[in-house]
Amino acid sequence: MISSQEYVAKLRKMRKNVYMNGELVERDDPELLPSVRVLSKTFDLPGDPRFKDLITTTSHLTGETINRFTNVNRSADDLLKKQKMIRKACHLTGGCIQRCMGCDAVNALHFVTLEVDKAYGTEYHKRFLKYLGYFQKNDLTAAAAQTDVKGNRSLRPGEQKDPDLYVHVVEKRNDGIVVRGAKNHITMASAANDIICVPTRAMREEDADYAVAFAVPADSEGIKLITHVSNPRPRKVYKAPIADFGVADSFVIFDDLFVPWERVFMCGESPFAALLAHGFALYHRHSYTGCKPAVTDIVTGASALVAEYQGIADKPHVRSKLAHLSSVAELVYAAGIASAVEGQQHESGSFIPNTVYANVGRRHAGMNIYHESEILADLAGGLPATLPFEEDFANPETKRFLEKYIMRKEDVSPDNIQLCFRLLSDMLCSSLGGSSAVAGVHGGGSPIMEEIAIAATYDFDEKKRVAKYLAGIEGT
Amino acid sequence: MISSQEYVAKLRKMRKNVYMNGELVERDDPELLPSVRVLSKTFDLPGDPRFKDLITTTSHLTGETINRFTNVNRSADDLLKKQKMIRKACHLTGGCIQRCMGCDAVNALHFVTLEVDKAYGTEYHKRFLKYLGYFQKNDLTAAAAQTDVKGNRSLRPGEQKDPDLYVHVVEKRNDGIVVRGAKNHITMASAANDIICVPTRAMREEDADYAVAFAVPADSEGIKLITHVSNPRPRKVYKAPIADFGVADSFVIFDDLFVPWERVFMCGESPFAALLAHGFALYHRHSYTGCKPAVTDIVTGASALVAEYQGIADKPHVRSKLAHLSSVAELVYAAGIASAVEGQQHESGSFIPNTVYANVGRRHAGMNIYHESEILADLAGGLPATLPFEEDFANPETKRFLEKYIMRKEDVSPDNIQLCFRLLSDMLCSSLGGSSAVAGVHGGGSPIMEEIAIAATYDFDEKKRVAKYLAGIEGT
Amino acid sequence: MISSQEYVAKLRKMRKNVYMNGELVERDDPELLPSVRVLSKTFDLPGDPRFKDLITTTSHLTGETINRFTNVNRSADDLLKKQKMIRKACHLTGGCIQRCMGCDAVNALHFVTLEVDKAYGTEYHKRFLKYLGYFQKNDLTAAAAQTDVKGNRSLRPGEQKDPDLYVHVVEKRNDGIVVRGAKNHITMASAANDIICVPTRAMREEDADYAVAFAVPADSEGIKLITHVSNPRPRKVYKAPIADFGVADSFVIFDDLFVPWERVFMCGESPFAALLAHGFALYHRHSYTGCKPAVTDIVTGASALVAEYQGIADKPHVRSKLAHLSSVAELVYAAGIASAVEGQQHESGSFIPNTVYANVGRRHAGMNIYHESEILADLAGGLPATLPFEEDFANPETKRFLEKYIMRKEDVSPDNIQLCFRLLSDMLCSSLGGSSAVAGVHGGGSPIMEEIAIAATYDFDEKKRVAKYLAGIEGT
Amino acid sequence: MISSQEYVAKLRKMRKNVYMNGELVERDDPELLPSVRVLSKTFDLPGDPRFKDLITTTSHLTGETINRFTNVNRSADDLLKKQKMIRKACHLTGGCIQRCMGCDAVNALHFVTLEVDKAYGTEYHKRFLKYLGYFQKNDLTAAAAQTDVKGNRSLRPGEQKDPDLYVHVVEKRNDGIVVRGAKNHITMASAANDIICVPTRAMREEDADYAVAFAVPADSEGIKLITHVSNPRPRKVYKAPIADFGVADSFVIFDDLFVPWERVFMCGESPFAALLAHGFALYHRHSYTGCKPAVTDIVTGASALVAEYQGIADKPHVRSKLAHLSSVAELVYAAGIASAVEGQQHESGSFIPNTVYANVGRRHAGMNIYHESEILADLAGGLPATLPFEEDFANPETKRFLEKYIMRKEDVSPDNIQLCFRLLSDMLCSSLGGSSAVAGVHGGGSPIMEEIAIAATYDFDEKKRVAKYLAGIEGT
């Protein structure tokens, strides 16, 4: 394992291929730092006594101690620990810990490559295990690049007018493949060591060129990262952790990227595109049963705090709203527990989360995001939207008025009241807050994607048999 | 274990103390039979190969095989099996299996009596174990009588104008106690062998006479059961299991009931009334994480079936609604799993479900009941409300018209269409259907009771600490 | 105008063609009386000083005083008065007043027949006006038979395997037409003087035989009414208006019914089937903005009453729930007002409600039905489901216990508490209650039908222009 | 009437008393301009032929043509026109038109001053009419300062430890009064000519000093405006109206402000504080039935547009969501229509909106704000959160990739796609978007305030009488 300083030093050495605000920028550009800080936290936590046992584990390849964010889950207990680690870590960064997506891609590739090998006699699994060893040894972070830009939503990949609207292989060479296309919404790509590309959906045989998976350094020739950041308003006077962390999302452009064969994990085996796409989504949705409860925890805590400061903590309607928030968090978390407990062992050694529970959990989280903001806004009143800027709390001409008139309960200092509402401003009235809500709906698959997954995997026939038996249509 | 025939034979021998429709009736009165049939199912299932392993277990007292409905849960696995058994059994009776409440009362008494003994030096636990042996050996069913009639809701028990509005001890004698009061909404009391009385709420010291728990035969002198039944419309032509089962709820009157000391399990230890009240509620809410998913399963199955028969099963809005139904079922079930996995061992040997998960699960179920009916009604159209009576489907003068005009998809027979919609009529447009919805909200504690339980037990302070850390108010 | 006695006398004289429970029954069969009583109320109200000005108006044909339920709306004020009349009348029957559907059919035919005449040179309007005069003079009630049985939902009328699954003309003769098919869910058909048949949907040219509208006596040769009733449990001891009224819905079978030309109002003019189908739906949905608020009023009143009796009327969560109920009622009512105010004059003299407002109002009502029941159940507790039968309140052996233990607030008599909860039982836990909920979703068109109507008529393009202007895509 | 240039020129001449970001700033500071531009629009519209008839009217004082934003509503038609004007104007500024609050304060003072005069023999009404003439003649904008900072929410004004936590009179002099305290969340105070102060709530006799109302220039000695702005990210390349407009909200500090008697409209008449507080809220909530539908229109238009661009406009779930959005807009608008139609004439000449309809309308709007954002986010996918910045669309190194890969339907240009999603970014993922949502909940009174107003004014007793009649408890 490496330190966060080593991680950042590696970022600095990478080739410049991040574009933002019309310029080519360094990976530690001030606008990108809030995202880098999130990832850094995952390198610091192994040194934190509260986290050490949770965030470190043993590699099944080497027996060495590794960061759990590089681990292949091989038991229900692994999944339970991963879920718990994510929830706890997200508390410290005020939201998405960002490193799980690479880990989830690794977990999906671990069992899917074996399935492909069994069907095609290929050697992807062995190849992947070698990459995994390298990944764990170097304590890498990876962005999972899954979501294609997709062009016309009513056409399949090969039917698009521009064939590049889904990532595809344009050339196979002796030493590797050449890939073209773009993936969008790729979180932390500008802070990742590697990019792991997986298919976005099931593919038909005629779309075999689109059934492609691989891993490459994020600064490879042939990759451009056009990056959007969502950061909180920087603090000048009243510092707070919430204002240290942010998100960077990239359009990842594969401009005839060359990938050597040793990093190619699927290439043309179209019947397995679905398994890999869904396998990644499954592990990722299980990760969401850790991070989404954390996000709800933060809303719950902020709601309880502002209710306390307003002196309304004991009102029945407040109790009811806090109970609702905690119910959302714990139902989603319970779904993750059930997904682990009801998961299954794969012959690769992977332990695969139960699909139904991972999906109902992620769906429930996604369906409650905006309602959670509504509850927080409801309990807070208008101040998150109208709170004077921090400099006015420092300006002697206005400070005495603001400190006098912001008072609520006498035993809470004006500074704490201000800090509380400034947290709420960052959560409710900032570009980062808005982006987090959108990501809470769509990240890892929006509720409608979970409904499709549930429709495909839930045993509705069993329920129909129950109904038919009760109706007298058939026996049971 | 006994057979259902033996169970019914015992009911017939009991003293007549059931009042209904202005008359004193037998326990196997035709109006009561639908409820008796539900209980009978729990005696038949041990003989069903599909259920044998689930519904039988080993008594930790005697090592003998017993019905799981008389078992004391001593591990997470016990709770998981109980939950699964309830879900499966409810599928067969079209709803509430009715026998869990007595089992849940037994489970609460098992650990609470030990706690009381430790505090007061009493011998309730030993006394209870003796009763438990008798309960298991005779394969008894019991109604848990918890909900007092409560009079003026803004007054505590001892403050009521009429002191009998909560059940209380009116005399202590050498050989036992005399009890007066009434419990209402007591499901299956008229089909129970015994009645187990537990407090409805926390009690203050001045209300010590109201801190009372005991078990007695349901036909004891001093008990009157004034009973309301909710039964489906009886079928004459088109028989169906859904129409075989019903519910009987009683006002249980304790008219100076004498209880011998050997059946008294709490008598005046007011500080422990809360533990027993909540302990019973906790086990019972965990049971709800089994039965409520079953009820939702039935709605899901009926919804999927009617959608199939209408030819709309593949519409996106139908898929979305079915996904919602299955999500409700599985989130509640997942909460039960998490409640077991995160439960704790008690020194009595009891395994106690996790409170937060049991409560968020029960709450989620209760909050979705009416919405589930709405979805079913939405997919069904108006026919559940307007379907001609079954006799008209048999009357030659109308039969040919109804069979001609009820047709939907060609490959579904008019009989099956009719049976499907008649099931829906029973679910949506019957007194039993309406009563089940009300019970779904309030039985075992309505959502507001779970919110109170969550408010009392959830670690909101931890969440506030997270918020304070992020806000910069305090470190972490 | 005639008296309710005259109305019932006329029903008695009609040919027997109502089938129920496997038998051919009289129109005043005890099971049908609860529905007859609802209609009778509309004949009594002109004699009630509180209603006289609201329920009587002047015929524009004859200048004579008529019942507003036979009136053609010719101004916004007419629509406002109709809406108010319906709301007030429904209060007295505990729900649907049942007579508006015939009135709404008459209103639709009034302007559509003129449109057809203009396009085809036919004389339907003149013919219709003659019928209207007869309808008003004889103070008739009519069932509007619109909803075809529809067979396979994915096939159009002419595509069905059985061509009779939509009502159609099978023969045109010199003196009239012969019609075959069935309409279902036809409320009050067994209590109606006439049946007015209108198309259920738009028709293509090849389905011209299905574009048919006419009016006939309900006991015509060739008509069979197979009838389902939803009645409250009859009261023996504790009488109450809620238990007097019920609903009868019929499968209306047209078994080669002959209709003389003078009663045919559309016959083959397929392009106008949509206008008539939607025109009837529009007037009917406007009527729903009167009746649905009334139903919500009853839920609101019952909720407020049971909250008062329980002593919880001043709790914030109760206030919030009552505010929600009243909001549903008043938003729906406001939509009806807006629909009238924003309606338009037709050259026939008809005043046509605004489509968008009628539809958003009806939709909002339909989407809240089950939630209203949920609120009532929530405030009531379990007693609506478990209240002992009225005979037990009369039986001396149980009366004293029930009266003692049902007490809540001291100033409310046990009789009133019982009557209140018995009302709630009838509303929440009866076949009528369940049927009313289903009817509340689907009657007059379910929310999805309103969404289709909104999609077809709302000016989304104007909203898109606003968005494009703000986005800088195009000017404004 | 004056031009927007004259309006801005007047702002520039005002005394500097606006504080922001720790500095004393001009009223046309670049950060404040987006708010000034909103107000300017109200001065431009009288010259726009589409608006002229709507936004101009005739003063009942002078007979001169005035801007409707300075008009006293004297008929239902006045209210209907005001509502329509606001809806149309908000379309042009992408949200709150900001000028109605001063108009609503003027409307409330118009009838309340007469009521106070009648009770106390004062001359407030005459005094107010003089101010009104000046207000209309000079085409003034005013901020209504109502919301006190309120300190400890569980204490009344006079009970606070610091008596200044509600605005109050600290001295009465011959020439006027001296006022101290602060109002917060005061929108457009920094862009207003005048500030009109009204009480925030009912006052008891002992709080008579807090029953105070007055109007003063916004730059008076003794006033400080500490201002927070919520502006969209400024556009450099791709200009759009949405990015031109913003909101400025102020803490308005009354630091011993002197108010001459001629501008004092209430001073100590505590029984009328409630009438003025509620009267202003009533007119303001009626205004919300104009602006909130406009905000929903914009969400509807943006949703419809992005659905079109994504090629999913004809999907049933999209239709359903668009129907829901339009239903929210039109139900709220219908409530405003009903509030006007059912309003009442006051002897002052004022026409007062119906309270119930204004409140159910405002409540429905407030309860749907976050859900509207959720729908928009749902239909848009993740791009509002991850769209590269506009400069990257201009940078030649990235432009070709972004234009290639952002394509959706072939007939929509990449620029239009980009502009559409940039609009969505501004709506969903900006501080202004977040602030608008918070304001949508709380501005003009949050839903809980409307529930309190409904509880106080709705005729629940009438509904209880209906329930009692139906239950058989009492006749009707």
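Every chain is named by a letter (A, B, C and D) in the order it is written, and numbering of its residues begins at 1.
In this section, a contact is a pair of C-beta atoms (placed from the backbone, for glycine too) under 8 Å apart; a residue touches a chain by one contact, two chains touch by 3 or more.
Note that this is a predicted model, so its numbers are computed, not measured.
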{"item": "Leaving out subunit C, the still-touching groups", "value": "one piece"}
{"item": "Self-contact between copies subunit A and subunit B, residue sets same or different by half", "value": "same"}
{"item": "Pair joined by more contacting C-beta pairs (B-D or A-D)", "value": "A-D"}
{"item": "Contact-pair overlap exceeding half with C-D, pair selected from A-C, A-B or B-C", "value": "A-B"}
{"item": "Computed distance of Cα centres, subunit D from subunit A, in Å", "value": "38"}
{"item": "Subunit B and subunit D, separation of their C-alpha mean positions in angstrom", "value": "51"}
{"item": "Multi-partner residues of subunit A (at least 2 other chains)", "value": "317, 320, 448"}
{"item": "Interfacial residue positions of subunit A with respect to subunit C in the complex", "value": "315-317, 320"}
{"item": "Subunit C to subunit D touching residues, read off their complex", "value": "91-92, 94, 238-242, 297-298, 300-302, 304-305, 308, 319-320, 322-324, 326-327, 330-331, 333-335, 337-339, 341-342, 356-357, 360-361, 363-364, 416, 419-420, 422-423, 448, 450-452, 454-455, 458, 460, 462-473, 476"}
{"item": "Touching residues (chain side subunit D, partner subunit A) in the complex", "value": "19-24, 147, 149, 151-154, 161-162, 164-165, 182, 184-185, 224, 226-228, 230, 233, 249-251, 253, 255, 310-312, 317, 369-371, 373-374, 377-378, 380-389, 391-392, 394-395, 397-398, 401-402, 404-410, 428-431, 433-435, 437-439, 441-443, 446-448"}
